[in-house]
Amino acid sequence: MTLKLVIIGGGSSYTPEIIEGIIRRHDSFPVTDIVLVDIEAGQKKLEIIGDLSLRMIEKSAKPIKLSWTLDRKRALINADFVSTQIRVGGLEARSKDERIPLSHGFIGQETNGAGGIFKAFRTIPVLIELAEDIHTICPDAWMINFTNPAGIVTEALLKHSAHQKVIGVCNIPFNMRHSTAEILGVSPDNVKIQFIGMNHFVFGQKVFVNGVDRTEEVLEKLVGDHFDYSPANIVNLGWSKTFIESTRLLPNPYHQYYFQTKEVLEKDLQAYKENGTRAEVVQQLEESLFELYRNPELRDKPKELEKRGGAFYSDVACSLMDSIYNNKEDVQTVNTFNNGAIPDLPNDAVIEANCIITNHGPRPISVGPLPATIKGLVYQMKAFEELVIQASISGDYNDAYTALLMNPLIGDEKRSKVLLDELLEAHKAYLPQFNSRGN
Amino acid sequence: MTLKLVIIGGGSSYTPEIIEGIIRRHDSFPVTDIVLVDIEAGQKKLEIIGDLSLRMIEKSAKPIKLSWTLDRKRALINADFVSTQIRVGGLEARSKDERIPLSHGFIGQETNGAGGIFKAFRTIPVLIELAEDIHTICPDAWMINFTNPAGIVTEALLKHSAHQKVIGVCNIPFNMRHSTAEILGVSPDNVKIQFIGMNHFVFGQKVFVNGVDRTEEVLEKLVGDHFDYSPANIVNLGWSKTFIESTRLLPNPYHQYYFQTKEVLEKDLQAYKENGTRAEVVQQLEESLFELYRNPELRDKPKELEKRGGAFYSDVACSLMDSIYNNKEDVQTVNTFNNGAIPDLPNDAVIEANCIITNHGPRPISVGPLPATIKGLVYQMKAFEELVIQASISGDYNDAYTALLMNPLIGDEKRSKVLLDELLEAHKAYLPQFNSRGN
Amino acid sequence: MTLKLVIIGGGSSYTPEIIEGIIRRHDSFPVTDIVLVDIEAGQKKLEIIGDLSLRMIEKSAKPIKLSWTLDRKRALINADFVSTQIRVGGLEARSKDERIPLSHGFIGQETNGAGGIFKAFRTIPVLIELAEDIHTICPDAWMINFTNPAGIVTEALLKHSAHQKVIGVCNIPFNMRHSTAEILGVSPDNVKIQFIGMNHFVFGQKVFVNGVDRTEEVLEKLVGDHFDYSPANIVNLGWSKTFIESTRLLPNPYHQYYFQTKEVLEKDLQAYKENGTRAEVVQQLEESLFELYRNPELRDKPKELEKRGGAFYSDVACSLMDSIYNNKEDVQTVNTFNNGAIPDLPNDAVIEANCIITNHGPRPISVGPLPATIKGLVYQMKAFEELVIQASISGDYNDAYTALLMNPLIGDEKRSKVLLDELLEAHKAYLPQFNSRGN
Amino acid sequence: MTLKLVIIGGGSSYTPEIIEGIIRRHDSFPVTDIVLVDIEAGQKKLEIIGDLSLRMIEKSAKPIKLSWTLDRKRALINADFVSTQIRVGGLEARSKDERIPLSHGFIGQETNGAGGIFKAFRTIPVLIELAEDIHTICPDAWMINFTNPAGIVTEALLKHSAHQKVIGVCNIPFNMRHSTAEILGVSPDNVKIQFIGMNHFVFGQKVFVNGVDRTEEVLEKLVGDHFDYSPANIVNLGWSKTFIESTRLLPNPYHQYYFQTKEVLEKDLQAYKENGTRAEVVQQLEESLFELYRNPELRDKPKELEKRGGAFYSDVACSLMDSIYNNKEDVQTVNTFNNGAIPDLPNDAVIEANCIITNHGPRPISVGPLPATIKGLVYQMKAFEELVIQASISGDYNDAYTALLMNPLIGDEKRSKVLLDELLEAHKAYLPQFNSRGN
């Protein structure tokens, strides 16, 4: 009996975390084979990661075979789980997603606003192709997608590929739970958050500690900048008392883009002047990480990795695969079809929800109607996501334009076009669907 | 620290089952106080049950104080759980619910058709009054309703009383799971059924054994009368191959009233001729049970109790209370607000669904849209239930008439009136809401 | 400029009515060409009708060219309107639709119950083929469908053919308006009924005479058998006071099948014993009509035609074509996509609704939510209709079975199969979609 | 027989237009009595308008009695129509609605953004009180509301007052139809626009001229600033080719606030610097209008009135009253309950829709689902409107805050509070519901 995991984008600097997760859970989730897959441009990194992973496994003394390859189709044979952590166009593309919007006075960000839209445009066709391969080669395998914008990408996959065993994960719900535990001085294992919304736009509605509702306490502590609640890549600006008291919801760190747009923009422009884009900061971080990884003495995931925004992503994924494999029926927060859990949103909208995890997939636990305060904006964000997916598939200029126009961070009829044209040109090499239509 | 359970209708012959359940679970669910409550007419039975319960507890050596009383309000003080198993009008009323429809050529039954409607009419006002008492006296207590028609009663309580900590339970999902386990020759603990629908109209959509989908196997075995799948009070007539192959669903035993109406009616009329109504059979069963209960040597729930149709009801309830108390987050099948779990039905419809059980209540797991084959009928049954609740509250003659008219087992404009008039007259003493309107 | 009408099923005994309607409206709706189309089996009738029509036009002195043909595709060239009044399998098939259900104790009827289901099965594929021809040959033409079951057929056409210019018409709303006018002693032109529901299951919600709400008055008069409200082919059994007072709705004549099932069945069985099926009665009526039509002196629609149940159908259709042609924006009751007019039903359900008639199609006037009393049954009927359409297209045995099973007039798991098998066999020659699947 | 119209806010400079409309339509809509009502602060203007109106009527020689009063309740006796054109706080309040947001860098406007929200806060309680008076004193009267924000105010009235005969009107659909006619060089009477959305956020979906779809032609002409399409109070900035080609919709003039926010803001700030707020411009306009009105020789509505943004408002209202009175069943564009016409929006949302106008009220013609491009934003605007209504009624600080926060023109968690506090203080005298709560 084999239990095989294929890691697409295996040359990512995050991979040691997932290897560590697999080793740690080996008793309950006894992976026998891991194959790291990457594209030619990433071959060198792939080898470094492969070597480090081998050393980590060796140290662990777990019976796991690990190899790496550029031959994706071959790697997929007999796979049970396929995780995806790719970045089409690399950090250079991310840099453009950040820089170009900023240069026009808009939030420049890799998962939200114009940058996030273009990351979706570049990523969706590539992952749909992967999903089709999985469906042909290893149709029983679960595809665990961490690639951002994770919610949009997961909805695109579930709607436009035949492979339906796809689950999206993000570290934000994990981070919110851990931060909340820290706020309350309790163990994260005892904390449950009732989430409502979708990836990067999810709110916490209730916080339970061992079943006791402690939401009010958490909300009080969130006021002002008393508590930093955000992952490494997002500087928290603090939430006002009025915002918290009026919504009675825990915002997620990305909400600052929408509710503190002006301040974030100023801060980001300042940071850009000082350090360049986040992509460039990450570029340096990556380089020093790979410097570390290269060290033949290193046989563990280095602490430095946690400085990346995506820390714990892989932990979330390992925990999910463990529950699927063991049909645990425990509750985890993942991205899957709504199916009525939030009755205001379409059944086939992907939401980020607490789900029962079984070996036949996640099933969201009923959330109930959106609170009146946020229902309009959440619905709009979902409608916007549909436009992004539509344009990613159609490659139609007008579809792409309406996606930008209807994003609350853009929404300007003339500047939407300016941004669109400049980003289409900048990312040309990675947007064949648009080029082929001769726009 | 006390943990107090109040059993409304404590003089019921089922009570020994609940006492046994409490004793058995005492390690995880350490009840300290039980109060049995009944009405004056039931005082004698109450005493017999009280005495037997004391003997059972004594034998168990668990530190549980048990008492009985006719003073409901006093009993509720400091209650943590209140279970309800009442029968307004007693078995005599049930006998009328069965006899009168039969005499006009309609299904005579205590939970479905005209009989079920009148049981709802008699029960709902009484239980709303109880719920209001709970809300005033012990607002944190969970009300666990087993009183039939359990789904309709639970919806009425959740919609028309201030007390929102109300959960409805039925033994049908439990029985279906156990019967299915028997069919497959596996332990019931390893069987999960994905349910869809509402109380007494619930279907099984999927059967998983340790996460493996074995639905097809179960469906095959359900064909014909090869397997008896029904509780003690319902004689199974078998399901045709075509029915099973066309719906791909596990019917519940009550579905025979709707899909095998003519045969059931013939069988029931025959049975009535031979043995009188089920109420009368039960009357005798009850008498012999109480004969047994009276025996001062008896210190256990007697086997004979399992012949009653409601067997395991109390087991279901004890298991539910245990999970609430311990905030277990396990999955149980209960009656609660839909909240989108079945997107075709209103959010505030009570459905019978697999729920995560927490100490702050059950949350249904998303079921998804109703299959095209059954969606019309399920929706109609729910709309009918709303009419029953409406009439139970309003006491309006026309409301009651439309409830009968829109029941698929009645649906005849002239005979609906005949049934209505005869049943209103027969149950007059227990329908003050109708009388006061001078109908 | 030509204005061409093609009448599919032109050999029907109803055709003189439509010819008369065209002549009468010639000033506002100046038809220049009429082609009557029929199949080979109907050639003789086609000629008789053709000759009579020519005599009628000649008498009118209107400049209308009329011809007849068996070549449907050729006839469609340059058509502006195509009306359809066909009967696949002829009156012989109708006789089976009536006789076979009756023989098993079910309503035997050509538009409701098992008979109606099979009429849909026979008709839908034929009319979809016609719609595809129209879409290819005369894509701007409006298809006006009178073929029963008109609502189901229209929904099937709108959902399963590319041609979207399809409108369904029925004489029931027309008859209800006229009967109501008679009840009130006013001119039908001044009466408006607010309809809710769908074809053959439509209710009147409000009656306005010159804008004055006189609903109560009409409801009062409907009680009992004081007033006969039905078309020629349906014997009215009268409505009970309680039914009318509880629903506050005007039933349509077909509602007696659902709410007076037992009485109708007895009456129909009695009539069957005395006169054979309605099909056989109609057969004789038809023969004597054609006897009249053959008379070369006849130059008008004979009075005797009004005895047929479908009287005024053609009048409804002519009035509709007139309003489309002239973009009148007047209100007529037709069958078209719901699009939210009744929010409880799907957007793509075909309903029978008051619509604004324009030259770009009918647009329903918002009706609002279904009353609580009927919403369950109306929804179920619509879900049942979807099953009929599904089976008509798929030719799948199980699909056909669930259609019968979920019809409120059948609903029996064993007898549904008996009826299905016997009707499938009886209508074999006209159900190629079922035969080809080897059921 | 009397036909009595009461004009609330009769001292408005717009009143001569409504008087002219009444005179012009007197043959079909024979008003016998007009009472102009205003508050004490408006007494002087009321007298001037009253005198002018009398001269207009005298010149017309129509048998209309006209009077004026400050006694609203007395005026309402026997009213058939009540029109409302009030401005709580007068132009001074409007000036604050414009100035305060502008001073913080937000759109300052009387019907949109923070200004529109506060106009709603001031107006809704006053008009609910009026509606209650109507319901008591003249329950059969139709209340025709022109008071802005007309859509929000109408929804508030229909949801929160017992009087349900309330219709909202706006001149935007009228202007769009007239401008479109001008673009196409045809008579406005032959132009129909299919509208979708709600007041001040309505789009044109299709343009028909005598039933011929000429939408494409109109869209082409809308590109750029070739055509000015806006009412007097809104300077048109022109729409980009991409915007028009991507949405395929006719925007309304107010859409520039949402899609051209930056440009409008710059233009408005510039205009403010040069001429003060629009309120101040209007103040001067009003003064010169009243100067004209005072002239005892003036016996007609002066041309100068058309320079006001609200021109034709009264014409729209007169035409509406005429159709109600005569039960015309013609199509007009008014604000009323959605009831499914746009299935994406709640049934009880007020939308701006083409309606059949009858003497028992308007009924929207089914519009169908919102196009994917705009559905998110339209839904959000409606959800925002619900928050405004909620806050207008509750007077709750947090409710008011979320209304500002969720407005797409504000949406900033810190500045929403700044705006809210400053506007609450500025409008204190007209916001008793907020003051009484001690915020």
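First chain written, first letter: the chains are A, B, C and D, and each begins at residue 1.
Here is the rule we go by: contacts are C-beta pairs under 8 Å (C-beta built on N, C-alpha and C of every residue); 3 or more make two chains touch, one makes a residue touch a chain.
From a predicted model like this one, the values you see are computed outputs, not experimental measurements.
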Touching chain B and also chain C, the following chains: none
Between chain B and chain D, centroid-to-centroid distance (C-alpha), Å: 56
Computed distance of Cα centres, chain D from chain C, in Å: 45
Chain A: positions in contact with at least two other chains: none
Touching pairs - complete list by chain label: A-B, A-D, B-C, C-D
Chain D residues touching chain A - in the complex, by the definition given at the top: 239-240, 242-243, 245-247, 258-263, 372-377, 379-384, 386-387, 390, 398-399, 401-402, 405-406, 408, 411-417
Residue ranges of chain A touching chain B (in the complex, touch as defined): 208, 210-211, 213, 327, 329-331, 338-343, 347, 356, 358-360, 363-369
